[in-house]
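In the two complexes below, chain A is the common chain; its partner is chain B in one and chain C in the other.
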Partner chain A sequence: MLLLITLFLPLLFALLTYLSGNRYAKYVALLGGLLAFVGCNLLKQSLVSNQLEPLGYTHDWIANPLIAFSLTVDGLALSLIALTTFLIPLIVFTTYSKTIENAKAFYSLILLMEFGLLGVFMAADGFLYYVFWELALIPIYFIALLWGENRDKAFRNRAIFKFFVYTLAGSLFMLIGFIYLYQYSGSFSIQSLYTLNLSNTEQVVLFWAFFIAFAIKIPVFPFHTWQPDTYKEAPTAGTMLLSGIMLKMGLYSLLRWLLPVLPHGVEFWTPYVIVLATIGVLYGSIIAIKQDDLKKLLAYSSFAHVGLITAGIFTLTREGMQGAIVQMFAHGFNVVGLFYAAEIILQRTGTLSISQLGGIRSVAPKFATVFMIVVLASVALPTTNAFIGEFLLLFASFQYNTWLAVAAGFTIIFSAVYMLRMYQLSMLGETNEKTAGFQDLNWQEMLVFVLIIMGIFQIGLVPSSFLGMMENSIDQILSFSLR
Partner chain B sequence: MVNLLLIILLPLLGFFVNALVGKKLPKSVSGGFASLMIFIPFVISTSYFVGFVNGSQQKLDIDIYNWIAFGDFKITFGLLLDQLSATWLMVVTGIGFLIHLYSISYMHDDEKFHNFFSYLNLFIFFMLLLVLGNNFLITFIGWEGVGLCSYLLIGFWFKNQDYNNAAKKAFVMNRVGDLGFLLGIFFILYYLKTLNFTQLQAVNLELLPHGLIVAITMLLFVGAIGKSAQIPLYTWLPDAMAGPTPVSALIHAATMVTAGIYMLVRANFLFIHAPETMMIVAAIGAATAIFAATVGVLQNDIKKVLAYSTVSQLGLMFLALGVGAFTSGVFHVVTHAFFKACLFLGSGSVIHALHGEQDIRNMGGLKKWMPITFWTFLISSLAISGIFPFSGFFSKDEILASAFEHNKVLWVVASLASLLTAFYMFRLVFLTFTGNFRGIEEQKHHLHESPALITIPLIILAVLAAVGGAMGLPEFLGFHHWLKGFLSPVLATNPHAEAHGLSHSTELMLMGGAFAGAVASIAYAYIKYVKGGALPANDGEESGVGKLVYNKYYIDEIYNALFVKPSLLLSDFGHSVIDNKVVDGIVNFTGKASLIIGSQVRKIQSGYIGFYLLAMVLSMVAIFVYSFMITG
Partner chain C sequence: MKTLLYTSALAFICMITEMLNLRKFILPVAIVGLCVVFGINFWEWGNAQSYYYNMVVTDDFSVAFSGLFLFLGILILLLSGNFYKNEESKLSDYLAITLFTIVGAIALVSFGNMAMFFLGIEVLSISLYVLAGSKKKELRSNEAGMKYFLMGSFASGILLFGIALIYGETGSFDLQQIAEFATNNQLSSLFYVGAGMILIAMLFKVSAAPFHFWAPDVYEGSPTLTTATMATLAKVAAFAAFYRLFSSSLVNAIPAFAWVLSGVAALTLTIGNFSALQQDSFKRMLAYSGISHAGYLLLGILSLYGKTDNAIFFYSVAYGISSMAAFAVAIVVAANAGSEKIEAFNGLGKRKPFLAAALTIAILSMAGIPPFAGFFGKYYIFSEAIRNGHLYITLFAVVASIVSVYYYFKVIIAMYTEESSEVVFSIKPAYTVVIGICIALTLALGLFPGILQLL
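On to the complex of A and B.
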């Protein structure tokens, strides 16, 4: 029951937000987001009291074809539910200082998206999962298209449209994949898909039906070209939703819907995927070095980070999976913090071009400090959350192939290069006419950063309770993936 | 255990207090509190140290909690206190405290005074963590943490983008080394199954492939090369002089840069099984020692001379480790910490008196106005030059003797480096303190000795620099080498060590030779700069080899051309050509192709979202119908 309530709360509040009108929408939306977060915490408690055995809910839905309204929450799902329900109210709160046109629609779409995301993370039926997967795309499409801030509207429309068509095209392959599987299983239930006996050839081909959908969403090199422009053109709240939460749909799906379903396909394609993912790590890092647009720089940096997560997942090692999950969680926090900093800079100076900034640290020391901490987390300084993730992921790559770890390891050098360059150009040096009047953070902005920073150090310093919650899920994934 | 925790937690507390409320505190309270947060750990460290000396203190190895743990995977957060960490504790907290005191006066007029002390406390915290960690990963936390503090403090005056560049360069070059260190950690964790130092010492390394040990030790050494500024990753250290002078003394001379030596000594049980790596350590150490010493000869910035000198001395320490003389390496770390900290603080005193002047061509004759600074600087210069009976004489002599025993070429190189050291140090002393003042009248008018908070640390360090050699009096002269006995529990027996030592007469000859060489070098500097009144050439007037050396062999320019420029070009090319044209071009082509095919079938390119949603719903219905048919 708790599962249902947590899942449908955002939908209910999406409706309430819309009905509450433009004036109160943001408060209703925040309340809905916070209640979902409470729901998530209750879920965690019942999962813990259930000795981490997955919680489930199933109700018959459609008899023929056999589709059940079936949900399940284990440690892995919970980590992403926690990420979603924590970040959504936070993202809503970051928009408080802005006047948003047609606010009721904007906030209602955010909650609708939360509904879709939670559905993706909870679904235990392939078809239900697919419906939520597509459902999550629609709100973000409108948010990015209608609330984007770039004056060049034609460019924005093109970028967002490309994102939409690209991801939609990817998921259509997945749909075909599910239909194919259904022929054998006669059911979309996850357990029946996990126990299918498909021939190697079928698995090798079907792999791509699923992988393309996930690879576009994550994105994995070379399916990433929608990302920089979309991140840049979307309003920052939308960018946070995309990078903080939505791309985790792809990574989560690798773990939940690809590895255990098509073990031989995965085995066959693993070397290629790991190499592609590692290329992405280096490629994204190198391109990030000279980006001038702060949001595009962060987009390429995020692209590099998720490449490492993908590689870690495909090592099929315990360390790789633990690292991937903790890094998904960490990346969500860090990237939201970074994009929020970008948003604050944009609001105060009117530009995201780092070469036009500089000197902000002199006039806004509080902002400089919290921004620095988030930057350090994203370069994986030990004691921060991303260090735990990167350490485990690189160690997993190392187990897979030493030279791969060396190549992927260059991320720790490159990330320092581009992040410190970005920080130096935007925050250090002398002020100029754009930055001289930069106001330091107010308490609301500070609160957002403090929450993010608490998350950064909690995972960085005491990750073990988080890691421990994932063990059962990883055991299950590995047992089906290595069958 | 509580005391051990206090050692690391008090500096952390100091960091938080100054970072959060420092601005509201009077400067004396802010600086005083920060100093106290180092002084208490110093007192605790001293009691531990004394305990180890008189044998009442046992080794402490405590796991505090499971840091990264799941299933069989377990990395704990734990601390290890033994003779080695206790030695470093004394240096870090002792010299750290003196430099805190010094900074209260030195940084007094800086508006970010409290920031400075919070960073300084944070640095000490990470340095102590580095030294006290009971496994490689805790040491790695400290390792990267001190790198962060170094970054923050080099770029302390962040309005100057040159300083920020120096800070970034230090961080990035250190990260190059850190990647090696991290890979070394992966090898250890994967093949030896633990990162805990005590457990690792119990592993029977004979059972492992020899190549593996070589790989591990080489990678760890790469980490050390970055942190301790050895060839080829040394160029960040001279640039790091952009930071305030107390930072140069504490981080870039006495403590952080010795972390590489600490790590190698900590892992000595691995290194002694890899003679190949040891040979490379020795070779790189010797090469760095001579290379940096030659650059030091022609530098005119007082801090740059000291910086190259530090690089050179660190090279000597690595040489010591490479030839298996771990105790001598540690001995030189300690004496070097005394005299180099004193030299940097002395240079700070001079810079302070001259209102920021750092070029020795504009100094001269300062002895008259700054007697304490002069005498302490002189004592430390005698120590670093290896003049009997100052501390450097003993520690350097040990290194030279070990090198001689091991390989004559290494000995020749190290001896030459020592001769150059004596020369450039006294070039510095003479040009700064003797002769006539060459600055402007305005500066001369304000010349004064520094206040007590600056001179007292100088005096204490000078005394230590003078008598510190007592820790390791030569055994062949019938003395008891105290440090050797003290450190013996942490050093594994070297299976490859040659049993024989040098004969007494050889040792005595080496000692006398080194001493005579140093005296001759100083005499040459005296003749050239005091009697001859020579002055370094003006910028741009150097020629031939001088020009090459003056420009530091153009290494920065070479690195720029080899690594920096190509990465930037690659970044541009990757973005504008590969990403935008090639990869995205294929994507767009695929998109367009399918649109064209689509429009042939039907004019679907309406561009309306509604249509796509409809398409989606219709497709879903189609699936239902389809599945309906196949399942009957």
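On to the complex of A and C.
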């Protein structure tokens, strides 16, 4: 029951937000987001009191084909539900300083997207999962299309449309994959898909039906070409949704829907995927070094980070999965913090071009400090959350192959290079006419950063409680994916 | 059988009221009458019967599809009061002909004999020829009527030729006897040639490539409401007849034509979707998108030996209501903007959020995106095709449906991101009702597709 309430709260509040009118929409939306967060905390408590045994809910939905409205929450799902329900109110809150045109539609779409995301993380029925997967796409398409800030509308339309077609194309192949599996299992329930006995050839082919959908969403090289332009063109709230939460859908799906369902297919393609992911790590990092546009730099750095997570998942080791889950969680916090900093810079200076900035630290010391902390977290400094994640990921890649570890290790070095270079050029040095009047953070902005930084150190200093929650889920994934 | 009789009677009543000078009551009478027939129709649910020596056979299939036709007919009539308001003197003609279209469609799903089948085709087609050319003073409407008539009668000729050959082989017009003959005897090439000719005629009627050339011109030239009738009612009726004919009597021919049908489906999907990409007229775009939908439905025909009637029915309903909503919005927009181009939709999201949202939902449904009805339509068709071993053509259809997103979203982008020319907008309540019903159904069927598992 608690599952249902947590899932449907955002939908209810999406409706209420729309009905409340432009003036009050943002308050209603924030309230809805916070209530969902409360629901998530209650879920955590009942999961803990249930000895981490997954919570479930099932109700009949469609008889033919056999589709159940079936939800389940285990540690892994809970971590992403927590990420979603924490970040959504935060993202809503970051938009408070701006006046948003047609606000009721904007906030209502954000909550609708939260509904889709929570559904993806909770679904225990392949078909239901697919429906939610698509449902999460439509709101973000409209958010990015209609509230994007770039003047060049034709370019924006193209970029956002490319994103839509890419992801839709991927998911349609996934649908075919599910239909194919259904012919054997006679049910879409996750348990019946986990216990299917498919021939090796089938698994090797089917792997791509699913992997393309996930690889586009994550994105894995070479399916990433939609990403930088979309991140740049979308409004910052949309970029936060995309990078902070939405790409986790892909990573989560690898763990939940690919590895355990098609173990032999995964085994066959693992080396290739790891090579692709590593190419993505190096390629994203190198391009990020050359970027002048702050949002694009962050987009490429995000691309590099998720490449490492993908590689970690495909090592099929316990450490790899632990690292991936921690890093998924950590990346959500860090990237939202970074994009928020970018948004603040854009609002105050009117530019995202790093070369036109400089000297902000001398006029806005508070901003410089919190920005520095988030930057350091994203380059995985010890005691921050990303350090735990990247350490585990690198450890896992070392177990898999030394050369992989060497290549992936560059991600830390490169990320230090481009992030610190970005920080240096934009924050240090002399002020210019654009940055001289840079106002320091107000209490609202400070609150957002404080919350993010608290999250960063909580995972960074005491990862064990977080990792403890994941053990059951990882056991299950490993037992099915190594069968 | 009752459905068929009462609908015909209603059509005659329409003509008589005109003679008695009761013009005002025609439309309400016709609408109420159709609603009553819609109710009566479902009385026949569950008991299959045959009438007049198997001329008419009613079963669940025919009742379900008749229900759909009557429902679409009611929507069309609701729209027509306003659509024909400048030509009130001819309203009864239009209504009677529209009702005869429905009669033809009902005959097309409840025939048990080739003669009745042909009769249904002709009643449906002739009514549509007239409706297509009903704007007498407009050149394009005349052209549409003429073109449709010439091409359509040519197809009817081929159809008759095919029926004659089948008769020559099996010695019967009765579907059951044909089926019995076909299973018990060695079939000569006469049978296959005949079946092939019927196939060609049916492919023409459903506007599948390469027999689709009439569709865009006729759709564009006809009055928009007639286009809506052709795109929803007539197309679905043709598909239902296609399924009924081939599943009951010519099922032996399907394996022989499997390659042809796959090829036609692939060609239809390609031509429909890629031509739709280049259109700047909304009606023409819908015409090509209708061609591509015929391609998806052909997958259902291709695997009909696996009993795909439910998949075809669901797809038809989803496609019918979504297109009806799209056409209704198009009529309103065209009446206000005076143009049928996609640019006429610019800024609709700001001017009329209800219309824009409705069209968005209709389009998303046609593009097959959950949680709308069209998604389950595609899902059922695809899963039937895969279940019956047509994996490659299904993959092709998936790629085609990705292409379709391009032109569908052109309209959405125009509605929401382009600046509007400030035109004062008025929507008649009848349109709001029709659009509202269609959208509500599109959502309901998308969330609970189980309610339509009739067959």
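Simple rule for what comes next: the second predicted complex is superposed on the first by the 483 of 483 C-alpha atoms of A that agree within 3 Å, B and C clash if a C-alpha of one lies under 4 Å from a C-alpha of the other, contacts with A are read in each partner's own complex, and residues count from 1 in each chain.
As a working rule, a residue touches a chain if its C-beta (ideal position, glycine included) is under 8 Å from a C-beta of that chain, and two chains touch if they have at least 3 such contacts.
Nothing here was measured: the structure is a model prediction, and the numbers come from that model.
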| item | value |
| --- | --- |
| First, second, both or neither for A:164, with chain B first and chain C second | both |
| Dominant contact partner of chain A by residue count, chain C or chain B | B |
| Touched partner set for A:135, first chain B, second chain C, both or neither | second |
| Which of chain B and chain C A:429 touches, first, second, both or neither | first |
| Partner chain in contact with A:173 - chain B first, chain C second, else both or neither | second |
| Touching partner for A:153 - first (chain B), second (chain C), both, neither | second |
| First, second, both or neither for A:289, with chain B first and chain C second | first |
| Touched partner set for A:183, first chain B, second chain C, both or neither | both |
| First, second, both or neither for A:61, with chain B first and chain C second | second |
| Contacts of A:458 with chain B and chain C, given as first, second, both or neither | neither |
| Doubly contacted residues of chain A, that is, touched by chain B and again by chain C | 62, 64-65, 131, 134, 138, 142, 161, 164-165, 168-169, 172, 175, 179, 182-183 |
| In the complex with chain C, residue positions of chain A that touch it | 61-65, 130-131, 134-135, 138, 142, 145-146, 153, 157, 161, 164-165, 168-169, 172-173, 175-176, 179-180, 182-183 |
| Residues of chain C that touch chain A when the two form their complex | 364, 369-371, 375, 379, 382-383, 386-387, 391, 394-395, 398, 401-402, 405-406, 409, 413, 416-417, 448-450, 453 |
| Contacting residues of chain B [partner chain A, same complex] | 19, 65-71, 73, 137, 140-141, 144-145, 148, 151, 155, 158-161, 164-165, 168, 171-172, 175-176, 178-179, 182-183, 186-187, 189-190, 567-568, 570-572, 574-575, 578-579, 583-584, 586-587, 591, 594, 607, 609, 612-613, 616, 619-620, 623-624, 626-628, 630-631 |
| Chain A to chain B touching residues, read off their complex | 62, 64-66, 131, 134, 138, 141-142, 161-162, 164-166, 168-169, 172, 175, 179, 182-183, 186, 222-226, 283, 286-291, 318-319, 322, 359, 361-362, 369, 376, 381-383, 388, 391-392, 394-395, 398-399, 405-406, 409-410, 412-413, 416-417, 420-421, 424, 428-430, 461-464, 467-468, 470-471 |
